[in-house]
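There are structures below to look over.
Both of the next two complexes hold subunit A, though its partner changes from subunit B to subunit C.
The block that comes next holds the complex of A and B.
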């Protein structure tokens, strides 16, 4: 088992992130090539391990430093965490491919970009894989800090402001999470999540509620939950183009995973799902409403992303098999489709500094493939067949129908209508409006094109033939619902 | 009115937090620590490490420490971005350091104390498994030595290339030692050397090695951060002086 081991998800990117400055001294091109090789390896390893886990039905548990949980830290690669990690590695590889030529002439900036990109991947994979709550906090910090760095990447005033805002809110989140962990540790004397889940009932109720709320708010901030998501649109719009995809598929997913683990495994409140439901609903309505009024393309995509997070939270709050199934499907689709949208939008608005939607009108003529990709992404995220977005929304409605939430179904459909309006507005402008002629279109590079085409193919493939992944989602949904199994796997009881 | 409401709201939250945390008897035996007892028992027995804090930080929860070292690495990388300092500014402003000269007492003391501070720092991280302290503390002590020199001698500059090399090599050592464990057929960060005898300098297997790497890394990173912040504050002073003159 030397060639494949889930520990490599964390150890190898860290090793190479520390090594990258030295590799850059040897040959400048290495800082671009090495992350790609690493991501390709991690992606292949994920696909192999996920298949393995699904065939044998046995999760892969990795002890660290030779101590069994709860004495040491362990990593858990099961059907649920494995699926999310697989999608993170796939998207990391595509983001790398898209930004392969990023800052070709500025060596120092390129070095910083690739180091931060590797570390944000390490952080979000670590959050998902670890079985230890304090370790999760450490990885969440890594994710957050590298996101601050990426937000302030263009050293302009707006970027610094966005990063500072993010830093303040993120520090608040970290403080809350740390206090919550402290409360749990002071009562249970353990930090392993399975061990906490096993003993949570002996905690005093008032302390339990306080710990839960502190963690919920902290993770909620990272997951872009309403009303603590003011930082997100600024961060999305100030960071370099492909990083929008990183935020949508990694940073927010890490927070969301922590939130799901918190509500499904750690605590035993029966009313938690109602809280998740209300917060998800507020997030959804608030974000989609604001997205409708956005005039800048990246801010619009950012608000739409927050709306999707709300939708995912609603799906998980049903606390039924179908709801969780739809939630995982939505998570995957959001990561895939939002990445396609960010990739194509940042090519479209490449030369426009303010990224207004009106700056790119009529670009369908000049950049037919990129504009087509954006249109494809727009239709996919709203939920049109034959794209993958259709199936996740379909299962969400099915789950709502199973629970007889008629009003919610109407609401989801009307929110989809709102989504359709603001996405179609952009697509309409792309194809039918006259170009303003103010900004030159930017010719896309082959690597960016390839990344977009691959993403589009995956979206269509899942849309036409959802059985490709429904089997994996099915196992994942069963896994996350089964708390006893998780405790058994982690502690080996 | 809006401010008043938010102040009352914050006070209420603060009160609630206070009530909850005040009720917890921190530092007493009443805090049930299941893992704590295990560590106290197994650190001297299995690892031959006298300082249990060190064996928790480097061995039992060494994975967290690897993460924390990364957090520090990121902090020094991201700080540069957020304070948006440019390299050209760096070279243009380095002469400003000579404009304010420290008194001769500070300069002479700085020169005498600097090697001692570095020695103390090295002592602290090399003896991390025997006495209180360790890589983080030793690294911070060394960084204060550099801070002393930065304050005493305004023309003293820190070469960020050297810092980068130290940072990289120390990080590679930490992650590399962890990976060697896997290739030896054990787990990541597991000890693969002999543990030696309790209370001897060469004991504890890989624990002192990792802590030395951490010491170097922390020293390099904090020195880099201090240099960045100091330069920024000088820049701000200078711009303020100029505006005063102009106005």
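The block that comes next holds the complex of A and C.
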């Protein structure tokens, strides 16, 4: 079929991102409408392709420009990459819906915002789809560069400072990644990830370790891994509200995907999962500990986001089917729930320049629905039963129990308790504290409301009826565990 | 040690020391412009390293032209003297990316300078560093 092809994920948003300024000259409203139509189309296409892949069991491989795999670049849409891409496109559509009226009167700023939004989507989808490691690096740079731009979006805030910090760390990351790619290429003479995975055993051990560590640190920085995640809270808090959701569901997921591909497919170390485990644990404890002390709502959400990344890394480090299953479930839930939290929080703290938690106390009276959405998200991310967050934590604990990690189970439960404390503190203030009266509440627009309600419905639907997506996650988990199948799919061997 | 080996070592040494110089500048310098310069130097070192890996002494362009085939007869012999085109393609891409990053970094420095009236990183501390 002509209308569905994974290449459109990259070609169309890139094309329209750079055409937006011209379209804006024709009619100013087009810069808002065109991204929406495009995202809707990509979302429907992802759902269709994912269904297709799951029914036939065959991945969809696109060879770009007709060059066969080890020589050319291919895009791989299989059960795992397809699932992540689907969630990225769904979230992109919701972010668009939420920010449809963003900067309604300032045309230039709105234009910049939508162009950067489309570029960040292209980058993160490309990282997930591509089968070529250098191509992945290029897409990661597209993601990072547009994220710098989005972080520095507001002139009034300290956006430039946060963006510069992010840029410094991000450039170091890209240097490390390039060095790692260079080492691999100089030894194996190939850039195709399946080809690298097939031949990695002939690489000299010391060079292999060096290449792995370089790539691990590089991708780890992008995935907000401890200790190189100092940029994340600043970037989350300085960027416009909905971009917090973009960072949580796209930018960090792209880095995380690269990290997972690196440890599961590319290299053949048996001790890698231990490294992933230790780094995940450190990330989790560090982030949740700091989140507890935060007084600004967006910084708190950012640290909570980093903590979730730690949990996901721990889940993947089990290296068992159940662990990977829990990890993918956590990735999806993190994207959904964190988006809801960022959406509602940025409406709650709309008029407060510093975004302190005390500025929004008592807002439950003025903005009942938005406050309710924040409460729902808070309970979902901690892992209460009627919401989707419950199932992912449940499977994570199950995976830990299967491995007999009793201490880890206690640790995860106590970390959840910490999460509960700092989220409940905010929810409590929202509903039971007297308003300071310093800041006016800001009525949410219909489009923001709709985006939040849709997200909440998805979260509840998955929570009540997890079979909606467990089938897809099951296929994805089988796919990422099966290295031989990936090589077979990519190279056609 | 023949000239070729010395040349190779010189290139590797130059590229690695460029990376280290850049990294040193990024870590120790307090001036924003100098930090951006450091990033740029680091990029250049990396690019040089890439090119060095594809280096072939007296190499030719990787095109099987009639002239080359006449000189080396077989495809195998000809491919021995051809430089690796992949690394050069990678470096071209990396240069463009590096240019983009430098441009964005300089734009941010300009914004920071207008906001704080200084380019000293120690005096810009509204966020925790």
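The rule is short, and it goes like this: the second predicted complex is superposed on the first by the 491 of 493 C-alpha atoms of A that agree within 3 Å, B and C clash if a C-alpha of one lies under 4 Å from a C-alpha of the other, contacts with A are read in each partner's own complex, and residues count from 1 in each chain.
One rule holds in what follows: a residue touches a chain if its C-beta (ideal position, glycine included) is under 8 Å from a C-beta of that chain, and two chains touch if they have at least 3 such contacts.
This is a predicted model, so every value here is computed, not measured.
**Student:** Regarding the shared-chain residue A:18, is it in contact with subunit B (first), subunit C (second), both, or neither?
**Tutor:** first
**Student:** I want to verify the contact counts: of subunit B and subunit C, which reaches more residues of subunit A?
**Tutor:** B
**Student:** One more residue to check, A:436. First (subunit B), second (subunit C), both or neither?
**Tutor:** In the superposition, A:436 contacts neither subunit B nor subunit C.
**Student:** Give one of first, second, both or neither to describe whether A:351 is in contact with subunit B, with subunit C, with both, or with none.
**Tutor:** After superposing on A, A:351 lies clear of both subunit B and subunit C.
**Student:** State whether A:414 touches subunit B only (first), subunit C only (second), both chains, or neither.
**Tutor:** In the superposition, A:414 touches no partner, neither subunit B nor subunit C.
**Student:** Just subunit B (first), just subunit C (second), both, or neither: which does A:145 touch?
**Tutor:** In the superposition, A:145 touches subunit B and subunit C alike.
**Student:** Once the structures are superposed on A, label A:72 by its partner contacts, choosing first (subunit B), second (subunit C), both or neither.
**Tutor:** first
**Student:** Determine, under the contact definition given at the top, whether A:179 touches first (subunit B), second (subunit C), both, or neither.
**Tutor:** So A:179 meets both subunit B and subunit C here.
**Student:** Is A:58 touching the first partner subunit B, the second partner subunit C, both, or neither of them?
**Tutor:** neither
**Student:** Who does A:402 touch here: subunit B (first), subunit C (second), both, or neither?
**Tutor:** neither
**Student:** Which positions of subunit A sit in both the subunit B and the subunit C interface?
**Tutor:** Shared contact residues on subunit A: 134, 138, 141, 145, 148-149, 152, 155, 160, 163-164, 167, 179, 185-186, 191.
**Student:** List the residues on subunit B that touch subunit A in their complex, please.
**Tutor:** For subunit B paired with subunit A, touching residues are 16-17, 20-21, 23-24, 26, 31-36, 38-39, 42, 59-64, 66-68, 70-71, 73-75, 77-78, 81-82, 84, 86-87, 164-165, 167-169, 171-172, 175-176, 178-179, 181-183, 186-191.
**Student:** Over in the complex, which subunit A residues touch subunit B? Could you list them?
**Tutor:** Residues 2, 5, 7, 11, 14-15, 17-19, 21-22, 62-67, 70-73, 108, 112, 115-116, 119, 122, 126, 134-135, 138-139, 141-142, 145-146, 148-149, 152-153, 155-156, 160, 163-164, 167, 179, 183, 185-191, 195, 206-207, 210 of subunit A touch subunit B in their complex.
**Student:** What part of subunit A is in contact with subunit C in the complex they form?
**Tutor:** My answer: residues 134, 138, 141, 145, 148-149, 152, 155, 158, 160-165, 167-168, 171-172, 174-175, 178-179, 182, 185-186, 191, 230, 234, 238.
**Student:** Quick check on the complex: what are the subunit C residues that touch subunit A?
**Tutor:** My answer: residues 19, 26, 32, 35, 39, 42-43, 46, 49-50, 53, 86-87, 90, 93-94, 97, 100-101, 104-105, 108-109, 111-112, 115, 124, 126-129.
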